[in-house]
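Inspection log for the structure reproduced underneath, given as structure tokens.
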């Protein structure tokens, strides 16, 4: 199962070529990922992959921090500034012992015709215990909560 | 042969984790790449890969624009803010008909002990004719100028 | 009359202090401004200050470009990352011959209690003819369309 | 007395208009400020305004943090991408009890002819005790160290 995360652009995402900058794309993916794994201030969960035991928490004082170990991005078409949010499809392509691969396909806004696939990407995230600063295993609860979002890894043209 | 491109950090490259942000790393690689392929306003070339016939020109009105088709990044160690510029090693890992792969190893500042390898990366660049907006072949002059910087592609841990 | 422009944060807006960076605030104001003056691709207008004759158009090929001549910002409270969009109040504090002052008050998300005023700001924008690259006068149509959004300039604590 | 802080541009500082973005200018000023007040990791001071007792320290665990209370910027000429660093003149325009105003004039690179004044700006910084999170007074040592860099505040065209 894939999540659809609506991700708004900013005019400042454009570079001097007038398209969304290639580096900035990773900030958009980061934001989609955070929206997908979001936990509210009161502990309730919206948009989140799974239950509240299975979210990633980027707030100060969190017991787990997430490190980015690896990213791969394929840019298929330049992205112009547009008012409607991009439609980022997001799923888990692999779960390891202490890490997971988040996969993305970045599409034109919902409803835009024709639907354009702008970008494919994957991010390898390692769960790190904030106190010991060492990788920690994905718990059974997390694994169960994330399982429904597990699909085949994104198919890069060349990889 | 590899180029060493000294690349200064900014405090604003840090994210809320207090390290250089993973997306911002691609802006640092972009800047190193531009420094490496730089052509001066008067047409003379410094830092550049090869002669003036073989540089990439990102200024408005340039006859060739460069598109980023693909990027891959491995983050090996978090990068703190530091006053001295990072030492980015940069070379060409592959030359195709209309595209080339730029490879990078991002190291701690020259002279810092121990020398730390922070990041490995590669970028596939396609040369595009600005007028026709279609890929155009690497010329013989360009190929000859870039040849000395051709080495084996960067060796990712996993790829 | 003031416009309320909902403006989403990104986690990457935070700096190493864990709050929205002071420079990034100007990107948020820029985005709110663009949303407020937005014209759709098909020429229709949404969110816009006034009718389609009175919008600013940042797309390539536009006949008018807008230059920022001056900005002033007061930071009243640090802004944490939050899922709901900031509520940016936006109005025109002054209309000159070829320029206008856009004023802002940046508040916590609609519905959050207590309502917090994070930032006050103003931006002086000059309308520039794209062809001649010289300032051009605000037209009567623009002036009529913008008039309803004219209020007293933002009251800085010190200024 | 003014400091001259050489501040390199990045191509990613440009926006879709092909000039340094207005918001990004504040990141450049931030960087110049940090270079000016920089303390080395080993405690020694380079580039710094005054002695080691008088530097501002943005590293985690610092006992004083600095809050930006107010900024004012005048944009006098668009800034193109250029290889040589901008020449940012920086001085203190006012010292209060717990705050100081840093003033800037941003010039074209040293040696470029004609010398162009791109931007004037000022930043009001409040010293905050990291533990109590309340403003703390400028010490006598700091005041003595900063005194030589005290000049008349930057003269805005309109203010």
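Labels A, B, C and D are assigned to the chains in the order they are written; within every chain, residues are numbered from 1.
Going forward, contacts are C-beta pairs under 8 Å (C-beta built on N, C-alpha and C of every residue); 3 or more make two chains touch, one makes a residue touch a chain.
Predicted model only: the values in this text are computed from it and were never measured.
Participant: Would you kindly count the fewest steps from chain B to chain D, each step being a jump to a chain that touches the current one?
Facilitator: Contact-graph shortest path, chain B to chain D, evaluates to 1.
Participant: Of the pairs B-D, B-C or A-B, which has an interface that repeats that of A-D (more than half of the contact pairs shared)?
Facilitator: Going through B-D, B-C or A-B one by one, only B-C repeats the A-D interface.
Participant: To test your reading of the model: what rotation angle superimposes chain B on chain C by C-alpha positions, in degrees to the nearest 5?
Facilitator: Angle of the fitting rotation, chain B to chain C: 180 degrees.
Participant: C-D versus A-C: which interface comes out with more C-beta contact pairs?
Facilitator: Top pair by contacting C-beta pairs is C-D.
Participant: Averaging only over C-alpha atoms, locate the centres of chain B and chain C and give their separation in whole Å.
Facilitator: Measuring from centre to centre gives 36 Å for this pair.
Participant: Could you give the separation in Å between the centres of chain C and chain D, each centre being the mean of its C-alpha atoms?
Facilitator: 25
Participant: Please work out the Cα centroid separation of chain A and chain C, and write it as a whole number of Å.
Facilitator: Using C-alpha averages as centres, the distance is 29 Å.
Participant: Where in chain A do residues touch at least two different other chains?
Facilitator: Within chain A, the residues that touch at least two other chains are 11-12, 16, 18, 21, 23, 27, 30, 58, 60, 81.
Participant: Connecting every touching chain pair, does the picture come out as line, ring, star, complete or other?
Facilitator: It is complete, because no pair of chains fails to touch.
Participant: Which chain A residues qualify as touching chain D in the complex?
Facilitator: These residues of chain A touch chain D: 11-12, 14-16, 18, 21, 23, 81.
Participant: Going by the contact rule at the top, pick out the chain A residues touching chain C in the complex.
Facilitator: 8, 10-12, 18, 27, 30-31, 34-35, 38, 40-41, 46, 58-60, 81-83
Participant: Flag every residue of chain B that touches chain A in the complex, lowest number first.
Facilitator: Touch list, chain B to chain A: 16-17, 21-27, 29-30, 58, 60, 65, 67-75, 78, 156, 158.
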